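One chain, subunit A, appears in both complexes that follow, with subunit B as partner in the first and subunit C in the second.
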Partner chain A sequence: MSTSTLSRPRPENLRTSLNRSNNNLSGWAFATPFLVFFLVFLVWPILYGFYMSLTGKSLTGANDSLIGFANYAEALADADMWHSLGNTLYFTVISTVPLVLVALVMAALLNVGLPAQWLWRLSYFAPYLLASTVVSLFFTWMYNPQLGLINEFLTGIGLPRVAWLNDPNVAMWAIVIATLWWTVGFNFLLYLAAMQNIPAQHYEAASLDGAGAWRQFFSITLPQLTPTTVMIVLLQILASLKIFDQVYQMTAGGPAGSTRPVVQYIFETGFTGYRLGYSAAISYIFFGLIVVVSVMQFVITRRRSA
Partner chain B sequence: MKHFESLTGKQLSRRQLLAGSALVGGGLMAATLTGCGGAAQAAPVQDIDFWHLLSGGDGIKMQAMINAANQANPGFTVHPTVLAWGPPYYTKLAMASAGGRPPEVAIMHASRVPGYAPGGLIEPWDLDLLAENGVTAADFAPRIWEKSQQDGKVFSIALDSHPFIMFYNTDVAAKAGVLGSNGQLGEVSSPQEFKAMALEMQKVTKAHGLSFGYLGSGSQMWRLFYTLYKQHGADMELTPGQPMKVDRDAAVESLEFMASLFDDTIAAQAGDISTGIAEFARGSSGMLFSGVWELPTMKKAGIPVDAATIPTLYGTPASYADSHSFVLPRQLNHNEDKRRDVYKFVTDVLKGSLSWAEAGHIPGYQPVVQSQAYRDLTPQIHYANAADIIAYDPEAWFSGSGSDWQTYFAENVQNVLLGRDKAAAGWDAFEQRTNTLLSRPNPV
Partner chain C sequence: MATATITRPAPQTTQARKSGFRQPRRKLTIGRIAAIVVAGFIAVLWLIPFAWATVTAFKSETDAAAPDVTWVPPSGFTPDAFVKVFQDGNIPLWTWNSLYTSAAITAITLVISALVAYALSRIDFKGKKVLMTVIIASIIIPPPVLIIPLFYQMLALNLVDTSWAIILPQVIHPAMVFVLKKFFDQIPRELEEAAVMDGASRLRIFTQIILPLSRPILAAVAIFVFIGAWNNFLWPFIATNDGGLLTLPVGLQTIKSAYGIQYAQNMASALLAALPLILVFLFFQRQIIKGVATTGLAGT
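On to the complex of A and B.
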């Protein structure tokens, strides 16, 4: 027993270091499944994909010798690559703006205290839970030039029919409308949560000073939402850049290639056109673009939080 | 394949995607696994994997033919896998073959074989073994047999040819006074005569004379275009490294004629494939340009329908067609017993292809075509002459049914057909696109 006082610190030290290594071990054990997937399905494909982009590899396995940056040179001179990249950027711009603004308006409307909040929240968010295939089917039917609900409505109020998915000037907007209906709920939810986090005292103080509802919205709500807006815009840009599903299912890139996004061009070049090496090169060019946007996001958010 | 192809091309379901990636993943895993073990089991009944892309009415016929072959051959069981028509099918087949775990036998469009054979994705047929099973070159029409070869080797065995033809409503035609004395449509031999005939029919239906839906479908536009183009007696050659060899005047004239049909009187200005089929099936038009595979739909619709090859409007009889052909994807591990079973299965199906003819296709196996039972099939017998005038796609690694090349055709030509663009401009843009493809390295 006399030793107990002396030895007391030691077992504790031992225990904590044991604990720590136990923690480390179990930490690694928990992280391993993720790490394995991360390495096998992300790190390795990124490295291997880059290697592939330097070869002429085809789907059949032929021509897998190194050809340097020839694929990149070809891609940079490929009008279809630029056209599809342009389509992706165009979609990103014309989808991000309404996806942010409409979400903000919806959240603000709900936040003024409509009754049956849960119903509004549910109905705004519910489309987001649908698979892209379901959304595409809905809209393909509604956009049908002869039988579709939308043209039925337009002719009903005396407007001309629109060849939604068949007119190169309209098709991308039709995709944007479908995407807006589908995914605006997510941004809406982020905005609503942020609005409900703005302390009520701010509004009280403002109304004591005689500020009306509009004044409060522009001087309190919007500034308080800035961090959320930055996050939503950046998330939305990244999501829009990845556009593929809806287009592939609704127009397959047509009419006249007016909606083909770069991801579809990568898919076509590699899988239906057999040229894996070349399609890898295009995807790395696109990857470079996404990295630039992500770095911008990182820099902006860090500056805000600092 | 049938009119749903336009849908399956676009509307790939998530489940199909998952199934596809599972197949691909499975194929890759299998490729690594077979390296260490080899799973050759000496089972009494051989399992034969068979992939095809026939998901419509002809898919049901195919299943019946498979069942018949399975029953007649207790030594093997054929397990079919049906995949969506078009790019999804060919991508999976190519990846499974490249990954070393393809099915033992598969259906391909003959026009897609040039993209597969040189890369070693498929193996040539053994003519001796075919002959042992009672099938020889003499059993096929010359054009079809010629198409089955690449560099002197036979890579595909044609189950059928399925040309692009003209259905017509005999009631409408009779009322319009355009039926011949034999009860079939009278002959027309120029674009003007054809339009006049269509206008007569339009007076009867009060809607349109002709149905042809094309919006969003490069395959469909290509079928009619290539029929008309070949009727000029013109050729088209695609040689990698060289510009496309083509008769530009014939191409532009064909496109101009097509565009002139879509004036909302002769035919609807803008409609997709299914809209065109539905219009004809409810009797709102007198004629339909379509593939033979729509025959079951028309019979079911209960309209008085007959059919013929598309009239020769430019002097040379020609009809765009393709063939569903059996191919042998390259195997990593050869199993001689399975190989023999595959030959037995394929030859059995060929010999039993009369039921395939009921789905509209013209059987490739001539003894069936010459049988009395086939001669009794109407309207099939009225377009059976198509087998002698069929024109397959020009050969290249990127051409063929459901290829991206046909999509590029749509991209450049749809606006011409909609009247928004000049035929010459649309054609030149397509030719330029094709030349870009030709200038690129051949990946197979």
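On to the complex of A and C.
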């Protein structure tokens, strides 16, 4: 009885007493299933994609040989590449602002303590659960120049009809409106959760000092939300940079390429133009852009938590 | 006592959990009435696309395409569009395809992510730091960058036009590994140490102590991954040409050309495609909202 008690490791010595090689073995054993998928479907493609970008590889099997950085040189001189990259950046800028601001307004309104919370959350968040294709069908129909609900409303109040998806000057804004409707609920939920984490004492103290709801929002809520806002803005930028689905489905990049994002250009050079190597090179230029934004995000969050 | 502490998710959500997103009842002031009016206005705007799609879907094709835009059609409401879509269309097939591929993606993701997260949280093995760094760094890889090499890989593996081509590349979620690891880190080690002294193996500890205590976070991750997989468009669109394998989002993209300007049928299809997740949301609203709020900042 007493011997068996003695031979048992004491809790504080547990980690050191466990056999180290045993730890190595079980550690990697637990990691292996993930690692297999990780290596095969993420690490290998990202490395092979870079190799492809250095070749003339095509779906027709024409030229598999290494051509150095010729694809990159071609891409940097390709007006269509720059145009599509510009469209992606334009969309990112004009979509991020409303996607963050409207989410903040929605959350602030609910945080006042409205009755029937579930009803508001349902109506603001429900579109986020839709596939992009559903959203595109809804909005293509509402944007219809002759039969659409939106133009009907505009003519009803005496405004001219708008050729939403067919006007190069308007099409990107039409995409932004559809995207706002679709995904703002996600940012709204993040804001709402953050607002409800602000300690009630802050508000109680401010109320005693006679600060009204407006004052409280600007001097307590907003400053307390700063870290959340930084994260939401950065995540939104990263999400917006990946724009493809709704554009491809609603305008196919048109009219006159005015909405074609860089992801669609990658898709088209690869699968319609069959130029896999060139398409991979553009992918890597796009990747570079994402890395720059991500590194910014990393630096900012590190500084915040440090 | 100990369990109460453990079942809490990441610290930032503790309060939200406690309050359950509920606010104390307050009296109606002018400010609150104004808030209700503005919130109501936005809610109406946000419901209009659903309402208009529903009205259109219940119109006859003639009424839907009539130049007069009406909320109540002249020849009355009819379920014809839904009947036609069910008879001619592939919505049930696409729904089934979406369901089993998304379920498979969610199941594989949960198993492999929880296993590696446990190792990263609890086991001191050689190379752990490097592994951790590589997994975190990989969060920044945007899926669109992978489509070209992945497609080429699917050709090489002879997986194009199989469900595996849709499922396998979607099971890697480095951000979710990180979310799980952070949760496991908070579970007190004392609980496992007792089990170790009783001679339990690592796997036993993982399945019988760690996993049961992690239900909330596992549910949150599952919800996040499932919604993402269910609605993913780009990769399934590239990975399959076979009409029998199309998922809902990809299948819907084909109906525009198939039905042409059959507006009522388009809207009926879109609504049928939207229905499953909306229904799930109505039933599991709290869990879904909590899940998205928990995983949201780490994901994407």
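The rule is simple: the second predicted complex is superposed on the first by the 273 of 306 C-alpha atoms of A that agree within 3 Å, B and C clash if a C-alpha of one lies under 4 Å from a C-alpha of the other, contacts with A are read in each partner's own complex, and residues count from 1 in each chain.
We adopt the following convention: a contact is a pair of C-beta atoms (placed from the backbone, for glycine too) under 8 Å apart; a residue touches a chain by one contact, two chains touch by 3 or more.
Everything quoted here is computed from the prediction, not taken from an experiment.
Quick check on the superposed pair: does A:Gln146 touch subunit B, subunit C, both, or neither? Answer first, second, both or neither.
A:Gln146 contacts both subunit B and subunit C.
If you count the residues of subunit A that each partner touches, which comes out higher, subunit B or subunit C?
C
Should A:Gln249 be classified as contacting the first partner (subunit B), the second (subunit C), both, or neither?
Both partners, subunit B and subunit C.
Tell me the contact category for A:Tyr265 with respect to subunit B and subunit C: first, second, both or neither.
Neither: A:Tyr265 stays clear of subunit B and subunit C.
Using the touch definition from the top, say if A:Ser58 reaches subunit B (first), subunit C (second), both or neither.
First partner only, subunit B.
Just to be sure I read the superposition right, which of the two partners does A:Leu165 touch: subunit B = first, subunit C = second, or both, or neither?
first
Which holds for A:Thr133: it touches subunit B only (first), subunit C only (second), both, or neither?
So A:Thr133 meets both subunit B and subunit C here.
Quick check for you: in the superposed arrangement, does A:Phe91 touch first (subunit B), second (subunit C), both or neither?
Neither partner.
Report for A:Phe188: first if it touches subunit B alone, second if subunit C alone, otherwise both or neither.
Touch status of A:Phe188: no partner.
Looking at A:Tyr284, would you say it contacts subunit B, subunit C, both, or neither? Reply first, second, both or neither.
Only subunit C is touched by A:Tyr284; subunit B is not.
So subunit A touches subunit B in one structure and subunit C in the other; where do those two contact lists coincide?
Common interface on subunit A, subunit B vs subunit C: 131-133, 137, 146, 249, 271.
Write out the stretch or stretches of subunit A touching subunit B in their complex.
56, 58-63, 74, 79-80, 131-133, 136-137, 140, 145-146, 163, 165-166, 168, 248-257, 268, 271-275, 278
Which residues of subunit A touch subunit C in their complex?
8-9, 11, 14-15, 18, 20, 23-31, 33-35, 37-38, 40-46, 48-49, 52, 57, 105-106, 109-115, 117-127, 129-134, 137-139, 141-142, 146-149, 152, 181, 186, 189-190, 192-194, 196-197, 199, 213, 231, 235, 238-239, 241-242, 244-245, 249, 263, 266-267, 270-271, 276, 279-280, 283-284, 286-287, 290-291, 294
Taking the complex as given, what residues does subunit C use to touch subunit A?
Touch residues, subunit C against subunit A: 12-13, 15-16, 19, 21-26, 31-32, 35-36, 38-39, 42-43, 46-50, 52-53, 56, 64-67, 69, 108, 111-113, 115-116, 118-120, 123-128, 131, 135, 138-153, 168-169, 171-172, 174, 177, 190, 193, 196-197, 202, 206, 227, 230-231, 233-234, 238, 248-250, 252-253, 256, 263, 266-267, 269-270, 273-274, 277-278, 281-282, 285, 289, 292-293, 296-297, 300.
Which bits of subunit B are touching subunit A when the two form their complex?
9-14, 87, 90-91, 94-95, 97-98, 115, 119-121, 215-216, 270-271, 275, 397-398, 403-404, 407, 410-412, 414-415, 436, 440-441, 443-444
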